[in-house]
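Note that the chains are named A, B and C in the order they appear, and that numbering of residues resets to 1 at the start of each chain.
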């Protein structure tokens, strides 16, 4: 944003354009400064985690930067904690949970958005109600329930314990998404001879892909990171998910911060990849869904 | 609805089709959640420590709740947390999203960077912040001292006066990126010509924001407010990991208080499961009422785009 | 290709079938990650037991401490306790409600005589031992002698001396005595022995059945008063309720604190994480006493103890496992590996760490109870401890609050 050359004598109009440009430059700079300050605030804790991961375990608060970078913390944690196994466990639980939720929630969300039927409000609020249950309140009932299914210490059981609440949230989100799609599409499909199911499957579902991506991201994040259920329902070391395995570094009286931080960073990689892969869809999904909130 | 409006009256078909669509989810919810939830409701009318058979308490737990000073403290902290996070996590992301949407370069990079804290689990961010908040040599107080702002150092989680603001800060830090992405997406959907028309009418940036942006994306704002409210009333993980509701209940919310009654802060030997569940029922009712009010208020104000529900 | 797939399928089925044909599985659960991490001594223990009992597989399970008691509560509530496990502070209530094996029924007096008295007594309720202590613990003050020399002070023998020394430490920029109370575990460890210093009986208080004995009695008020006096005079780090144990240790490692309060397991933690300056210079001392010739009361107990689920179909096998892991030769592997305070007297010579040895030697004269098992006691004490430290409650009101909270917790 170069300002006009000062050599030419400025006319009145030039000066106004000049002032306008200055104002624009100033505003732009201000915006960038604000945005960068926020980046610093948002990134500081994460940067700190990264630095801690490669520090010596006794200099955590001592120095801003590590005196020597210990990359070996990563392989140490990788092998000591048997990461491949736990990553596979988490992957299984997350994909099963997310898959089931998509399967269950999509048609229901569609029906809440597209059809008018008696009792719709009541059923819908029952769904929302499930979303509001504090998980710690049903920890014990859920434990008893899984026990009755013989699914304690089972990754499938753990996934099932997430499906209820997850489905409710997905219905809430996807319903608003389906609402935003023009209903003329359905009418057109019907004229072409589609039945209700075909209208859903061939007309609306392809358009709903961003909505599905949104559910996938949010639910994957939640399931991958979940801590309370996975720690309580899974006790055998071989079946632990990544998050609870990493927490072995947090002892009763002392914490191995370097192991914790490097373990967490390894555990974050798959989620970051999922986010990067889906973010484009995710953003359009959230808009469309939210517009009719 | 268009395709059904032509039909003269209700018939089996109009009920059967949606029922078929909803049945799988409904069944899953009943199978997976109804049993534990009904169990929880029954439990709230019982006294049970998990070891001996439960005894019937009637409304005893609820009556005790009404007389429990710590419960009111937790209720107040929950309200404090919910109100502040809902305000900050709606206003800040909206403003920043507007900045990002002002046509600057690199907004995608900023969005991705802002989203990174969202990816971390609540439990982990709690641990991370407990380290950052360390009062003597923790990174935050050290940074403040290094910047010559030594007088702004705080005890953060250690003091009853600063612990609630501290947990609000952590929540805002973590959620900013999430709501920002939602708002950014919504802003991109606002037709450009609306802004151009306003600019021609001589509106400045602020008045464009309030007269064009806010009304157009009001449904999104409502969505964010409802989500924030539900999450605020339920808040548990981060606070539990950072302070376990301490020091001495100074950061206890309904979520952490019910947990410490059910399971003990770190070492209680007796679980009062019935009493804890009664608090959970209060949490559930509060969120349900709050979000119903919000949804209804939002609908009435915005009749045109909200004919659906 | 098809053949390959077939072979693979057969192999998978064969692998999957293996656990099915196996044997009795004994489920063991603790919050000690050392017992699932594949440490040599635990592996050797498990394999040794399996070799002596063909057809038996021992499955070691783990839950992080922060989630351990909630998970245990869920297991209790749905009758799915493991066969052998650490009951923690729930041991007393679990035993009294009939869920745990009373070891008196299966072991003789000679067996019990092998243990240090304090930790064993701690897990004995109504004369019935429901848990066997794994590692014992007491507490001390670790001092950085380089810093002590730098400020020209000796390790204080009484609390008053410590308070008088504060300005000298502060003048050189040192925190006098570091520890952390964010997770609330440590304050009761620090505070309850003080009750003993003032002549209180912590176990009787915890039990709370003796006539006329309550938490708002004088020794408790006095101990809270001392705790508050120490905090107010700047003995502890600022914002101690916002520092966790690991952070307290970091303050010591980095030469920012002159002394560190810690347990007999901490020298092991130092060895793994400590800085060179700390490891080269730290000494171990009894916690200060009230007067020059008073008893120091350094704590005496055990955090982890093994209990056997009385309702388990494998109960006899579980008892056999417990007997095995406390066979002196087997216990020695663990003691040597953990280098902490052993609960069995015969294992003391397995400890090479001089600092731990010193701490073990105190138990004969300075033992004091510091773990609470009664319903609600631990929470009540740890909450008031936090308030006493930050000065938001007076000692008298604090003692009354402990009493009221304990009574409320026991009301149903």
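Rule of thumb we're sticking to: a residue touches a chain if its C-beta (ideal position, glycine included) is under 8 Å from a C-beta of that chain, and two chains touch if they have at least 3 such contacts.
These numbers come from a predicted model, not from an experiment.
Visitor: Two chains share more C-beta contact pairs than any other pair here; which two are they?
Guide: Top-ranked chain pair by contact count is A-B.
Visitor: With centres defined as the mean of C-alpha atoms, identify the chain lying farthest from chain B.
Guide: Checked the centroid distances; the maximum from chain B is C.
Visitor: Distance-wise, how many Å sit between the C-alpha centres of chain A and chain C, to the nearest whole number?
Guide: 38
Visitor: How many Å are there between the centre of chain A and the centre of chain B, using C-alpha atoms for each centre?
Guide: 15
Visitor: Please set out, as single numbers or ranges, the residues of chain C touching at least two other chains.
Guide: 66, 70, 73, 77, 185, 244, 247, 250-251, 254
Visitor: Using the touch definition from the top, which residues of chain B touch two or more other chains?
Guide: 50, 131, 134, 137-138, 259, 262, 273
Visitor: At which residue positions does chain A touch at least two other chains?
Guide: Answer for chain A, listing residues that touch two or more other chains: 60-61, 139-140, 144, 227-228, 250, 257.
Visitor: Which of the residues in chain B come into contact with chain A in the complex?
Guide: 1-4, 10, 14-15, 17-19, 21-22, 24-26, 28-29, 32-33, 35-37, 39-40, 43, 50, 96, 99-100, 102, 104, 110, 112-125, 127-129, 131-132, 134, 137-139, 173, 176-177, 181-182, 184-186, 188-189, 217, 219-220, 222-224, 226, 230, 233-234, 236-237, 254-255, 258-259, 262, 273, 276-277, 279-280, 283-284, 287-288, 291-292, 298, 305-306, 308-309
Visitor: For the complex, give me every residue of chain A touching chain C.
Guide: By the definition above, chain A touches chain C via 57-62, 80, 139-140, 143-144, 147, 152, 227-228, 231-232, 235-237, 240, 244, 247-248, 250-257.
Visitor: What does chain C use to touch chain B in their complex?
Guide: The touching residues are 66, 69-70, 73, 76-77, 88-94, 97, 99, 175, 182-185, 237-244, 247, 250-251, 254, 256, 372-379, 382-384, 386-387, 389-390, 392-393, 409-410, 412.
Visitor: Which residues of chain B touch chain C in their complex?
Guide: Answer in residue numbers: 47-52, 57, 60, 130-131, 133-138, 155-160, 241-244, 246-249, 259-260, 262-275.
Visitor: Could you please specify the touching residues of chain C with respect to chain A in the complex?
Guide: So the residues of chain C touching chain A come out as 29, 31, 33, 36-37, 59-67, 70-71, 73-75, 77-78, 80, 82, 185-186, 244-247, 249-251, 253-254, 263, 265-266, 269, 272-275, 278, 303.
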